[in-house]
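After the structure tokens below, expect a handful of questions from me.
Labels run A, B, C and D following the written order; every chain starts at residue 1.
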């Protein structure tokens, strides 16, 4: 594929093209404090293509030409096979280290986007909830959360359960434990990673962003409540 | 009504036209943390027309063409009658679920705008004030609050009382309890909804926004005071 | 004076003209949370003219045409004399209620600007320091503070003292107690008003803004320290 | 050197030219609360030239023409020799008081940028960690930190150690103690200054900014953890 063919995959006048959305959303997430220090990011899948930001770059300064495009589906890379790309940026860049984790959301939830944040609300939630679940009920924002493959809405009276997995020195090693948690909790709207952050997904980029905002709001209010000595789960 | 007639209701060069104001104010509210995760919003009434944002959309990305226009006054929808619109956006959108609650402010207070926030300051206030009232006195910001139908200003020495109602699984069910609280507290400048947020209104969009900012400031400082062990109501 | 003559006092291409600066700085202060709900603001004096924003308007939406211009010096209004203006906006607006308090800074400190904030850091400082002084030492930011008529810099080892006066139901009544505090504390860089906010000044608009930022930073860190049980004044 | 020759050193259409980057980054840092009240800033070195902002100016309002350019390397000024400049702004400005401290990073770490913040997270960290080291382990963000001359990455399991030096009344006096700490801690990614802030560096402007964000995130979460009674260093 020639370079100009490849660029055509990420150059578009449409502000809603994934290669335009990823830079814009990452600036948004930077202002929310989710992706400072090059951490965090978003992967978007539209049909048979996945768009992913580079690893180790300032997330609020990504440009469309920095975006990787990958065919979907594809098998995970192995000792004998590499990851397949439709486009690599013409720079010395590597795809986001979150790629295998985003893939979990695409494969196990048919997600159209997956967002990874280093939000301090998420990290504090994993420090104050020492077990393997963050739980909260009786918050209006819970009604914004969609769970399961059919995107079912929760009720205000439902208890939201977000599984917490343990962090690992290498991000690649998170892939299996995240997948395991997603299978054990088929209704999970996201996965918390202890002392690290959260992965949240949705059927498209809008739903992914909305879910990330709802969950982060709930992590934040949950942390405030626990620190104020208020229980977060009310038995109805 | 033809589509172009309908669009004329929301397309205007005037930045103060309600269909331009709603998108701008919602971006403002997003930055304040009031309307993340598609929650919250604002309804504006100018004379015999009401302008309302859609339900379930990202509030910071609303466009004028997304705005619903409704005639005012009109009876609440019933099992036999639908809500009446002058304009529906040509998209698969539903009007904000807050519509009946905004209507409370228009009907019971002759309000020109009503703002709904999911502000964490409001939610924390409803968690720390477990009864049916949030109260605070001796704060300069209280002087910014307008109460009652005649928009009377409060004194620095007055005690501001904001009624707190219980949240319900369905937003429609809040309409009656909000109306009841507004009648029981004719001087209320807004209504808090436990574990949910706040509804605040004003005689026009500016007053509504100003009132929402004053009250949110007072919820925030009230929460800080209570958490620091400082009483919020001083007996003069 | 004709309307066009009057407009010439506030219409300028120079971004540093006071009538352009006041709107810009108020947007800045809004983002800092200092002037929400129409509270707070800034008055600028350049030579024999004082520029002041209107009362009761959204501070982040002021336009140059909204600015009042007053001759300086002039006597305070009395039962028999009105305040004198070079320009009033052609709208139903009243000058900021802070005008007499800004005048204190112009007259007693020869200030070129005076900023009033409702910052919650300032209010919390007045709640946690129950006496008539806020004090802090051994903070690098103290070196940014300028005190006294000769704009002397403080040392890192100095104790910054900011007098706290009691709030009054009417802002006009604050004028005398603020003036008294400024005379009693000739080195004060600003005055805190209990349960209300702060007044801070400087020899020009830049110095006023810088001083307001330094003091607000010190109120914020002081509140955090006291809440963490750390004393704010170290005996050297 | 004529004035136009001198201006050529700071006027460029390239947004990544240091004289364009410094103003932009300082606006960014202002929004993060790192450089209010004229405090803090950034120095950038590209090859044999160092670019530095003025002292005592509003950091969010710097223009390219305000930037100082210095040849690198050069000896520290002494009683008999002045600092050497390739360009001084044609205004009554003095170079940032941080210049000798930035020089430490350039000389001892071959840094391409050095950032100084007055972040309250950094100051609170120095108040809650009363010894000479801030330490934290088991945080994903630690993996973003680069240590030592070869920019080695830390593991999630490593303990990050940031030395804390005591503040001094005169910034010049910090130069030696900062250099001493950098030699004693060859793997330090930055230096905290008690009751003052932090100095952080990187091999170029991007790495410096990234490191400053990573460390500030860790100071913030460390302070939150300690205040919640959670130990920040886990023994593996």
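The criterion applied here is as follows: a contact is a pair of C-beta atoms (placed from the backbone, for glycine too) under 8 Å apart; a residue touches a chain by one contact, two chains touch by 3 or more.
Please read these numbers as outputs of a predicted model, since none were measured by experiment.
The chains in contact with chain A and with chain D alike: there are none. Put simply, chain B has to spin 90° for its C-alpha atoms to lie on chain C, with the angle rounded to a multiple of 5.
Of all residue numbers used at the contact between chain C and chain D, under half are used by both chains, marking a mostly different-residue interface.
Summarising the inter-chain layout, the chain whose CA centre lies farthest from the centre of chain C is A. Distance from the chain A centre to the chain B centre is 32 Å, each centre being the mean of its Cα atoms. Taking the mean of the C-alpha atoms as each chain's centre, chain A and chain C sit 45 Å apart. Shared interface positions of chain D, defined as residues touching 2 or more other chains, are absent. Chain-to-chain contact here is organised cyclically: the chains close a single ring, every chain touching exactly two others. According to the touch criterion at the top of this document, the contacting chain pairs are A-B, A-D, B-C, C-D. The touching residues of chain C, when paired with chain D in their complex, are 138-141, 144, 155-157, 206, 209-211, 213-214, 216-217, 220-221, 224-225, 228, 230. For chain B in complex with chain A, the touching residues are 36-39, 58, 118, 120, 123-124, 127-128, 167-169, 193, 195-197, 227.
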